[in-house]
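Dropping a structure here in structure tokens format, bear with me for questions.
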Amino acid sequence: MSAVLVIFYVLAGLAVLGAVTLILQSHPIHSALSLILVMVSLAGLYLLMGAEFVAAVQIIVYGGAVMVLFVFVIMLLNAGEEEHTSFSKLARFAGIPLALALAGMIAAAIARSSAHLPAPAMSGALTSTKRLSMLLFSEFVYPFELTSFLILVAIVGAIVLAQREGN
Amino acid sequence: MVPTNYYLILSAILFGLGVLAFVFKRNIITIFMSIELMLNAVNLAFVAFSQARGQSDGEVFVLFVIVVAAAEAAVGLGIIILTARNRRSLNVERVDLLKL
Amino acid sequence: MPILEHLWIVPLLPLLGAAINGLFGKNWSKTVVNSVALGSTGISFVCALEAVREFLEYFAQYHTGFRKEFFDWIVAGSFRAGFDLQLDQLTVVMMLVVTGVGFLIHIYSTGYMAHEGGYYRFFSYLNLFMFFMLILVMAANYSLLFVGWEGVGLCSYLLIGFYFLRKSASDAGKKAFIVNRIGDFGFMLGLFLLFRAFGSLDFNTVFAKAATWQPDAMGHYGTITIACLLLFVGATGKSAQLPLYVWLPDAMEGPTPVSALIHAATMVTAGVYVVARSHVLFLHAPTAMYVVAVVGCATAFFAATIGLVQSDIKKVLAYSTVSQLGYMFLGCGVGAFGAGIFHLMTHAFFKALLFLAAGSVIHAMGGEQDMWHMGGLGKKIKITFWTMLFATIAIAGFFPFAAFFSKDAILFAAFNSPDGGKALYTVGLLAAVLTSFYMFRLMWLTFGGEKRYDEHHVHVHESPLNMTIPLMILAFLSLTGGWVAAPALWGGKNYFAEFLSPVFGSAEVGGEASASLEHTLSYVAMAAAFVGLAVAWRMYSKKVERGTSTGLHKILYNKYYVDELYLGAVVRPLMWLSTNVFWKVVDAGVIDGTVNGVAQGAAAVGDTVRHTQSGNTRSYAVWVIVGAIVIFAIIFWPLFSPVLSGGVR
Amino acid sequence: MVPQAADIVRVLPEIIWCVFGVLLMLLQPYVKNRQVLTFFGMLGAALGTLSTFLGHMGSGFSGLIQFDIFSLFFHWLLGLVAFLVILAADSYLERENLPAAEFFALILFATAGMGVLASAQELLTAFIGLEMSSIASYVLAGYRRDSVKSSESAVKYFLLGSFATAFFLYGIALVYGATGSTNLVRIADADPGSNLLRLGLALILVGLGFKVAAAPFQVWTPDVYEGAPTPVTALFAAGPKAATFALLLRIFTTIHAATEFWFWAFWILAVVTMFVGNLGAIVQTSVKRMLAYSSIAHAGYTLVAFAAVRFLSTNSEIGPWPAYAAVLFYLLGYSLVKVGAFTIVSEIGGQGERHLTMDDFAGLGTRQPFAAAAMTVFLLSLLGMPITAGFFGKFYVFKAAIGSKLIWLAVLMTINSVIAAYYYLRVIVVMYMREHKGEMPADTALSLSPTAAMVVVVAVAATIYLGLFPNHILGIVLSQNLFASR
Amino acid sequence: MELSGHLLSVVIFFPALGALALLFLRGDDALWIRRLAFVVSVAEFLLSLIMLRGVAIGAHGYSLVEYKPWINSPPINYHLGVDGISLFLVILTTFLTPLCVMASWKGIHHRIKEFHVMLLLLEVGIIGVFLSLDLFLFFLFWEVMLIPMAFLIGIWGHDRRIYAAVKFFIYTMFGSAFMLIGILWLYNLTTSLDLPTIQAYLQSNPAALSHRTEMLLFLSFFLAFAIKVPLFPLHTWLPDAHVEAPTAGSIILAGVLLKMGTYGMIRFCLPLFPDAAHRAAPAVAVLAIIGIIYGALVALVQPNLKKLVAYSSVSHLGFVVLGIFTFNAISMQGAVYQMLAHGISTGALFFLTGIIFDRRHTYEISEYGGLSTPMPKYAAFFLFVALASMGLPMLNGFVGEFLILLGTYQVHWTWASWAALGVILSACYLLWAYQRVFFGEVTHTKNKELPDTDSRELWGLLAFAVVILWMGIGSPFFTHRIAAPVDTVIEQTKPHFAEEAARPAARPAVRSTSVVFDGRVVSR
């Protein structure tokens, strides 16, 4: 059993652990922290696959910006323990089994059908990043530009929604 | 060497856990987190595939997804704040004025 | 030949009168209305006479009936119903009876109805009736005949219900129409069958084809028999035979002239006319003939028995009419069509007379109809008395009055008819006894004995001339009418039969029977009449009181409870069924229940659907998951996806 | 690889829409007059739509987008919808006293996103477009900040929407994994037998099915439609749905395997959707919510045409064109009607959208003859009565279904249209055959505001025109080169 | 004449113009609205009479044809044409409409303008149905006509009007939706929506439809028509619709709308699907006969005059259906004639009931009695019409009924015998009702002073009476024109399997009991 595989298992375990705790934690803050755990471990996995740039972005944008935003909002609304209502009979009785069933189906299908794929080739970091930027500004320039508008929309939206009454 | 489908299965599991979290959690913010979790699972799949195929497209997609996620986060949290302001609760189950 | 070419004038004139009176007569004086009504009928009578004269010339020339098509009335595919009129000896007889008697009754009515409301209405109806009756007898095909057939029914409906303020009157009218419809049901089917068999409803065609009709394998004239029976069903309705006679007695609700014209002289004889007219068919349908004979005979007796005990003067006459019609059918049934028609004619005279006289009595009594409240009128109203006596003697069948010859001819024919003739004869004879009994009973109760009414309230007075003159004319006719067909042995000669022979041809049976037999039979008949007279004299000549009716008398008095039977067995159940099963259950319950039920069901389902819309985001998420699972199931289910079974590529 | 000018021109509509969105934001501080902003918004919508004429057919950005009659048609549809919604919103914003600039900007951004969706030939681009429209929509749904309902609809739309998006995205990932590309054309070349691809397509179907409100993904629709500001509801009912159908159709046409995979899925989705929509609508008391349900039902009808594609494309000489035409025509007629109907609803709703129940519509025939008449036309069109666009829409769907031997589907659709008759009729009955109970609320406008009236007039005219002379549109949607060959 | 090029279009759309013109009048100006509407409808009537010149006696096929391409795909054409059958139905419509305007002169008080607009639009729809030769066009008019009718019932009707209107709408919609499927399916098989084309196609290759397909198609059309007629189990919308509808509505409904069903059967069900028609005939006939007797019996016990007339329609239309499904020239001509006759006499009956409703605002028979004392003229007309409706010779009702029964008897004597019972029953319910309403003393003091028919009503009734008489005596005028098209239909309805199965064409004249349960007998 190679070291790489060990690392994989460790990181994967951490990721799953994080996801599970996200579910089990009853306070939003804890859930947020466990989500950060997932993200970080995923970043690790990206590195393991040799996608350094993505790993970096994952840490910076996700782990940094987005999650901070989350935590900030949680603080702002000082959301406490979530109350364990279950008005939804459906979710209460059918929800979890169904969700698990779905996950099972997807996992099974993927496991059955993706065995033939070759293992990730750890390409050199720089080259991969270079290719990345090439793609981004040549082939995918259109979506790339669109994302700028997307962010603009987000900003406008945020302003509209968050701005106080009687601006 | 780690076979690609390990990564894929992991992503499937994470995605499933995200779905589970969505139906399991009550706090709107946490539910939103579970969505982020699902997106992360997707990213993992993307990266795994692109690496497996020796392409970089997948990683580009990941970048896009991250950006979109960020944008969604901005708007989503705005909406959440709005709701929290309108009704003093973050419990999604208490947001059920519109029904039937 | 002016009139003959324009034969339509004869029926049309009354129609014109009817239209004019009906539309404008409301505000006219009686005299104007009279002149229109009498004028139209009178002229049409004259035209009829002229037409007859011309016809006789025509016949002498061509030896065939006259026939003319005026316009197409219905044309569809191979079917044609034209407004075709015809004239032959049979029609001539009927036509003259209708117009002649009709005219007399019109005159009578001007007096009788003088004080009634709706005067113009009455005459317009009466004229309308004349029109339809003439159409009936002059029609040259069954479809046009059916027009008259239905039309006279309508008029009788209108005239019976003339006093529509009286519920009994309107009931009677309705009853008459509906019972007739039941008959017509059969009649129509008969026509359909004829058309099916002969491809036409034209008399000439039908009879021509029928004459050469071949019996089918079993040696039956199946179709024709059925057709004849169906026609006869119609006849029983119109001519009040068993079992459809019930409407006629009630029909006496109408004004008396109406009873005289429609329910004695003319309309009710339509059935007989049709049978006689279709004699060619009937001769091919022995079974049908036999049925006709039996029914006629039975009716004659049955009705007579009821007539024995009735207390209403018109009711007695009504049942007597039914009974006499029975005789006519008996005659036709045993093949003596000529005799039947002959009796029809004489009956028209004396029965019309009887009714009119009765009317004059009622008129004199100020509307009283119960014979138990009369008596001793003989001295008060002489003309009425004598004329009515004539009629009574006539109907009772005393030599040399009309019915003696006609009834005799029928009974004689019956006696000679091959199968069961004797039985028919005996029953007929009994009926004759009863007839003379109830007629003389009527006479004594009305005119004889003590008066049983209160002088101070009733001022008996003879009717005016315009009423009595028709009486006298009819009296004369019923005295002499018989002689046109007096058998040789009474020093007469059967002109009538001779006259009709072109129509019935060899149809006349029994003619060749031995003179001696005929002799004896007629004595027997006369004896029978005497028996009736004697019994009546024994019972009613002296002072009498109305007894409490019990036992048989009661049954007879209540007409065997036939009406009650029909009511209970047919009418009521039908109504109940329609209301409580068809309408309330099937319609409202089953069908509409289903319809509305479906609607409510949809709404109910909708309600459950909307309750999945709990408003709870978690549930919604679960729904999404469910959907996802379903889609996976579908896409990965080999059954569904042809791809897995190598569908694509 | 570097984009040419031609590519830019091919996406000109999106660019113009976005630019005008930005422009509005820039103007907002200076222009206080709402009408001006309205005008700018409409101008943007119009210009964007017209700019489609400049670009000529062909794929742009190395195959990311496909600019053909199909996308042109949808750009027109979306532009028209945006135009009408902006016009209709004018009076609404005044009544509710809401900031106009952002509203119009968001509408334009959303429209741009939909435009991308309509012309995208590459899944990731489509995803971006979808997100653009969705995020804008989330915000629009919650635009009445002080209203509890509005914010709730925003939350629900946002949460469930992103949930569905995640599925969609995962689907894309798997398809990418299976085929090594996200470009439909290249996906089409890949081996259709692979389970991974099939799974991916299934997940994509989940995502898109959610957007078009196909049962059982329809759950969000009634709540969101009811809570959102009515003009926005109009937009939702018309725009995103059309755009998403466009993407679905594009996938259908390009990836033949998809039609095979999805056939039974669509069959069942169609039936369930029709029944859920119609049966749900029967029991509604709020006209707005009833229309929401009805739009679910109509999604179902449209799906019937999709189900027809498979048979036609394989077994008939004419090919799947009738089915495509049915979808396009149906969407056109449907969108116009919905916009018109919701406009009327928003006008009747009055300040704070307080008069949305059937009773509020009682006696409308006498109070506001014009509005009532127009509403009747719309309802009859939704019901599929002749001489309205809706009739031909339904007619062509029927035709496609029967043409592909889907008799049972057709019969079920028939039964549904009868059910539908019941509740559409109810509104008409209420408007004309009932009198309004109680005193008239003061603030219900005695007649439509001029802008709204304009929208209604346009919608009515278009509906009837399409109902009488569908030839022109048919000429477009039936053209054999609807999708420019690669 | 120049007009003849577009005569049919003119006839169809002239009322629409009238409706448009009405819209320009002031809503409260009742008198002029009524006058205009009346003038328009009368003018329309005269216009439609011009068609008589266009249709040659004995002409097979369609006259005054108009043909314009309308929609490219599927090829839908604006294809109009008239033959002897549709000719008179159109004239019937145009004849009844002015009388409807008259009938609503007093009865309609609110939204007068809308009322007359609806009435005229209804006329457009109906005439369109009768004249269109393109299945799509036919369906279009068929549906369009629903809306104004539903409005007429729903807005100007009586207490339960909304229930009735919705019921009417949904019932019909249900049927027609299936018809749409049928139409499209047929298009799918023949690639045409043009009636003559499809006709020719199916005639030339009878194998085009499998037996099952043909039967299904037949049913899909037949259901729609059977609901409209209405045939026995589908009739329950009719009484409600009639009782609730305003007088004018009832007149048009009973007078013409029901005929659309039977017309459809003649025009589509039979010629297009002969085999299926023959196979279905026994079942249909049984339903028709049940309808005849059942309708009559239920009518017999109705306490509500209008409902009584409504059920009588069920009974009478049963005759028509029976006549159609015996595939016999006589009976089918009878059926067409009965359609017209029933249109007139039932229209008149509703006109009459409307008159007393205007005076007393009730249809309950028990509310009346002894009316012939205060209103003799009215009573006379009522009797006249009632007699016509119960089929008295020399009045219009007789000819149709007689021909139907006569023709039917030639093929299936048992059917005819059962149906003939209806003749008895019709007398029963009409006369009984008449007695209860008009005879006897006046029971309700309210009725003592009822005014007799005024001149307007009198003229309306006279118009009816004249036509009733004319149709009763001068029937050849109509049948000559009807004959040829009917023969065509029967020719086209000859079943294909008749040739296949070599069976003795001519059956023995009598004892054909076996015929009854076997629709295969080809008449003539």
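Each chain carries a letter (A, B, C, D and E) given by its place in the written order, and its residues are counted from 1.
The working rule: a residue touches a chain if its C-beta (ideal position, glycine included) is under 8 Å from a C-beta of that chain, and two chains touch if they have at least 3 such contacts.
Just so it is clear, the structure is predicted and the values come from calculations on it, not from any experiment.
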Chains touching both subunit B and subunit E: C, D
Reference subunit D; chain at largest CA-centroid distance: C
Taking each chain's C-alpha mean as its centre, the one farthest from subunit A: C
Two chains sharing the most contacts, counting C-beta pairs only: A-B
Centre-of-Cα separation between subunit B and subunit A, whole angstrom: 6
Intercentroid distance (Cα basis), subunit E paired with subunit C, Å: 35
Distance from subunit E to subunit A - Cα centre to Cα centre, in angstrom: 71
Centroid spacing, where centroids are CA-atom means, of subunit C and subunit D in whole angstrom: 77
Junction residues of subunit C - those touching two or more other chains: 599, 610, 613-619, 621-623, 625-626, 628, 632, 636
Residue numbers of subunit A (touch at least two other chains): 87-88, 91, 95, 98-99, 102, 106, 109-110, 114, 117, 140, 143, 147, 150, 153-154, 157, 160-161
Two or more partner chains touched - positions in subunit B: 8, 15, 18-19, 22-23, 26, 31-32, 48-50, 52-53, 57, 64, 68, 71-72, 75, 78-80, 82, 92-93, 95-99
Full enumeration of touching chain pairs: A-B, A-C, A-D, B-C, B-D, C-D, C-E, D-E
Subunit C partner contacts - residues on subunit E that touch it in the complex: 167, 170-171, 233, 235-236, 239, 294, 297-298, 300-302, 328-330, 333-334, 337, 370, 372-373, 387, 392-394, 398-399, 402-403, 405-407, 409-410, 413, 416-417, 420-421, 423-424, 427-428, 431-432, 435, 438-441, 473, 475-476, 479-480, 483, 509-511, 524
Touching residues on subunit A, where the partner in the complex is subunit D: 106, 109-110, 112-114, 117, 138-143, 146-147, 149-150, 152-154, 156-157, 159-161, 165, 167
Subunit D-touching residues of subunit E, taken from the complex the two chains share: 71-74, 111, 139-141, 143-144, 146-147, 150-151, 154-155, 161-162, 165-166, 169-170, 173-174, 177-178, 180-181, 184-185, 187-188
Of subunit D, residues touching subunit E in the complex: 366, 380, 385-387, 391, 395, 398-399, 402-403, 407, 410-411, 414-415, 417-418, 421-422, 425-426, 429, 432-434, 470-471, 474-475, 478
Interface residues, subunit C side, partner subunit E - complex: 72-79, 143, 146-147, 150-151, 154, 157, 161, 164-167, 170-171, 174, 177-178, 181-182, 184-185, 188-189, 191-193, 195-197, 216, 222-223, 226, 574-575, 577-579, 582-583, 586-587, 591-592, 595, 599
